[in-house]
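Remarks on the structure that follows.
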Amino acid sequence: MGSITLEHVNKSFGGVTVIPDISLEVNDGEFVVFVGPSGCGKSTLLRLIAGLEDLSDGTIRIDGADVSKTLPAQRKLSMVFQSYALYPHMSVRGNIAFPLKMEKAPKERMDAAVNDAARVLNLTDYLDRKPRQLSGGQRQRVAIGRAIVRQPKAFLFDEPLSNLDAALRVNMRLEISELHKKLKTTMVYVTHDQVEAMTMADRIVVLNAGRIEQYGTPIELYQKPANLFVAGFIGSPKMNFIEGKEADTFGAATIGIRPEHFTISDAGRWTGTVGVAEHLGSDTFLYVDVDGIGQVTVRASGELPFAHGQTISLDPIESRIYRFDAQGQAM
Amino acid sequence: MARAVSTRRKLGFTAIAWLIALTLFFPILWTVLTSFKTEGTAIAMPPKFLFFDWTLENYFTVQERSDYFRHFTNSVISAVGSTILGLIIAIPAAWAMAFSPTKRTKDVLLWMLSTKMLPAVGVLVPIYLIFRDLRLLDTHHGLIVVLMLINLPIIVWMLYTYFREIPVDILEAARMDGASLKNEIIYVLTPMAIPGIASTMLLNIILAWNEAFWTLNLTTTRAAPLTAFIASYSSPEGLFWAKLSAASTLAIAPILIMGWFSQRQLVRGLTFGAVK
Amino acid sequence: MATRQTQVAARLMMSPAVLLLLAWMIVPLSMTLWFSFQRYNLLMPGMEYFTGLDNYRYFFANPSFWAALTNTLVLVGGVLAITLIGGTLMALLLDQPMFGQGIVRLLVISPFFVMPTVSALVWQNMMMNPVYGLFSYIARVFGVQPIDWFSQVPLFSIIMIVAWQWLPFATLILLTALQSLDEEQREAAGMDGAGPIPLFFYIILPHLARALTVVMLIQTIFLLSIFAEIFVTTGGGPGTATTNLTFLIYIQSLLQFDVGLASAGGIVAVILANIVAIFLLRIVGKNLDA
């Protein structure tokens, strides 16, 4: 059981307000990702839930119980840190067993839990090593192992994959998702990487300057971004934003078209010149200078024979044009 | 990145460096050698370097005549005592400053350092009078307290720089793992802090052992450590070089060896982290 | 990053150290300040009275004071010159590839660990004794008239002893700083055609500037209070030739028992030291942010 409720949470450091007023609900068993650019308050929010920071105002409930004043040790949450934060002087076994040792769990239960976790995380052969003798991915697994043995009400992840290289990151992403499917425990995961958010989350909280821009499932955010910020943040490559006359014709201050929502035709609505063409094989990214509009990114499936300097004609898919008002809100 | 060098150049540098190093070290070496000579050989002209009748006689004389071991014990008591007392007071302070810094932490640290820069002579009179009135002159506890106080800023500062290298994440992880403050200190902080505490302790023992202002002014006989004991050899009449050397060798040997072990921490400790 | 509980705990944990140092600084210092305005001699107890600035007037009018001030400056300046220049050269040398670097380093650093009373006596007797000392032997080997160090050049003798103790300190710190110089920077300068001498003046010396300043300031603070070396060798003499400020105040307080006069001197010493300390604290403080 592990639902987390935030009611009018406020946090200021000194005179600086980092989080003005946030309320949100994480359901039991849900995988929620906090995503946003650096400095948006996502890590602070996680640390408030963990109890590593004091609330300036508001209430945090876990399973309905007010934990706003409870010490982190008593909130029954587990956290995986960006730096892994393994205890350097303890073996892998010692690290994983530590939370149970703090609970004064009986020896047999401790051994069983450690061996279980080690098996799940492929760490059985490394139990007697020290953290410094492990690779980045293995350290990451130890940190996760330490988090799961406690059977917490919820897991908190603070940018856990940002110290890993690209290939490993994809692997660990899968492992964490699988772990969630297996354990069915609530997970709150902080990242600045929208790909991680989109691939792992049940629901995503997009944060900007301490405010929730939108809270919804990945597909909701992709299909119905609430505002310019979310529209620009979710999706890769970034959505093209077009202002001025072209937007006026759609009755909006700004229109947005995702790179994948163009058709390349002989006599399209827009014509332009290809600046750079990136051929990835599966996709082709074209950076096109469209007359009267500016640079537009186009993503086309497959291998297309376009090159620098070529003239191209584009059609935005009408049904996929996003319209925003002067305040940047979706219309 | 190693620079490519010819063996000949390397040999050249080796020769020059060893020559200079041995010259600088020579007074120490000479003291050690002289301590094994008779008083007669000690002042022989030309000086005898290695080929003389080695004798341990001076060491026995030093002990018999002036009770060397009492002063050695006094040095140990005051240096180790003041260091341990200093650590007991400094560890919580440095811990707090490293892990719960506030806006004023930096000012507090700098202020502590500034007390170290107070010239001893500026407070010699009052301390002497206070000690006289409290009957602390020539006592161990009096000396321990003063040595502790003059070195406390360095202890706090060194510990602070070591503690600050312990990632806060790890302490937070312990908190998340359900550790109480007590367990956090016992299981996580202490094991990670011990190397830093050990080198702080070592450097501070060296400093306290060699302190020669307060030890000379606040002690006479009963609590006099080796600094004061050696000073008593400064009588102008009579040449007791062999005995002086024996006493000196005994006084510097333990600290020299400790110093060799702690030389890398020395830079950090004595520059307050300004040179790394 | 801290919660309220930890902040309260932090304050409690800091208080013993802070209070002790506060007491250590304020109590004796205000007593010194108070005494400095008193006519107060320990040989005449109960005869104390307020004299205003008289002690300061006497202290400054005393020719010994000016001699002591000059000696202090010469002593500090001389030792600084030797240790900073020597230390830089030593650091450059020790940074070169050689056999037995570790042992050389240990030998060079050793004098720093010798207690001041030992080094002073060893030098005064076994090195500098006009008849039996090693220096006089060496002088005679070369057919030169040996000099009586402590009668002919007493202050210089003290400077040599103190410089011998502090040269290792300067060397060690400058060497540490030198080793933090980016090897690629050196290589880039080499590619740009800089020979060893331009390399030293344009790359190495600027890199060492901060370490040199730190060494200078820290040494100055310690050198202003040189005591033991004078105490066991010359006792401030001959005359006032080797009396520095610290020693002058010591004589006035614990030998002449003139607490008032000594306290005025103490305050002067504190002010002098503070001038240096302000600069040092500023450098250290800046580094604390980084």
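Chains here go by letter, A, B and C, matching the order in which they are written, and residues are numbered from 1 within each.
Here is the rule we go by: contacts are C-beta pairs under 8 Å (C-beta built on N, C-alpha and C of every residue); 3 or more make two chains touch, one makes a residue touch a chain.
A quick note: this is a predicted structure, and the numbers were derived from the prediction, not measured.
Visitor: Measuring between mean CA coordinates, which chain is farthest from chain A?
Guide: Here the answer is chain C, farthest from chain A.
Visitor: Of the chains present, which has its C-alpha mean closest to the combined C-alpha mean?
Guide: Ranked by how close its C-alpha centre lies to the overall one, first comes B.
Visitor: Where the centres are mean C-alpha positions, what is the separation of chain B from chain C, in Å?
Guide: One centre to the other, that is 16 Å.
Visitor: Starting from the mean Cα coordinates of chain A and chain C, work out the distance between those two points in Å.
Guide: Each chain's C-alpha centroid was found; their separation is 58 Å.
Visitor: Compute the distance, rounded to whole Å, between the mean C-alpha positions of chain A and chain B.
Guide: Comparing mean C-alpha positions, chain B is 53 Å from chain A.
Visitor: Provide the list of chain C residues touching at least two other chains, using ranges where the numbers run on.
Guide: If we look for residues of chain C contacting two or more partner chains, we find 1.
Visitor: Which residues does chain A have that touch at least 2 chains other than itself?
Guide: Correct list: 51-52, 71.
Visitor: Once bound in the complex, which stretches of chain B touch chain A?
Guide: Spelled out, the residues of chain B in touch with chain A are 103, 167, 169-170, 172-180, 183, 187-188, 191-192.
Visitor: So in the complex, the part of chain C that touches chain B is made up of which residues?
Guide: 1-2, 6-7, 9-11, 13-14, 16-18, 20-21, 24-25, 27-29, 31-32, 35, 90, 93-94, 96-101, 103-119, 121-127, 129, 132, 134, 137, 164, 167-169, 172-173, 176-177, 180, 183-184, 187, 210-211, 214-215, 218, 221, 224-225, 227-228, 231-233, 245-246, 249-250, 253-254, 259, 262-263, 265-267, 269-270, 272-274, 276-277, 280-281, 283-285, 287-289
Visitor: Can you check the complex and tell me which residues of chain A touch chain B?
Guide: So the residues of chain A in touch with chain B come to 14, 50-52, 71-74, 77-79, 81-83, 85-89, 98-99, 101-103, 146, 150, 156.
Visitor: Quick one: in the complex, what on chain B touches chain C?
Guide: 1-3, 5, 9-11, 13-14, 16-18, 20-22, 24-25, 27-28, 30-31, 34, 42-43, 45-47, 89-90, 92-93, 95-97, 99-102, 106, 108-130, 149, 152-153, 156, 168, 181, 206, 209-210, 212-213, 216-217, 226-228, 230-231, 233-234, 239, 241, 244-245, 248, 251-252, 255-256, 258-260, 263, 266-267, 270-276
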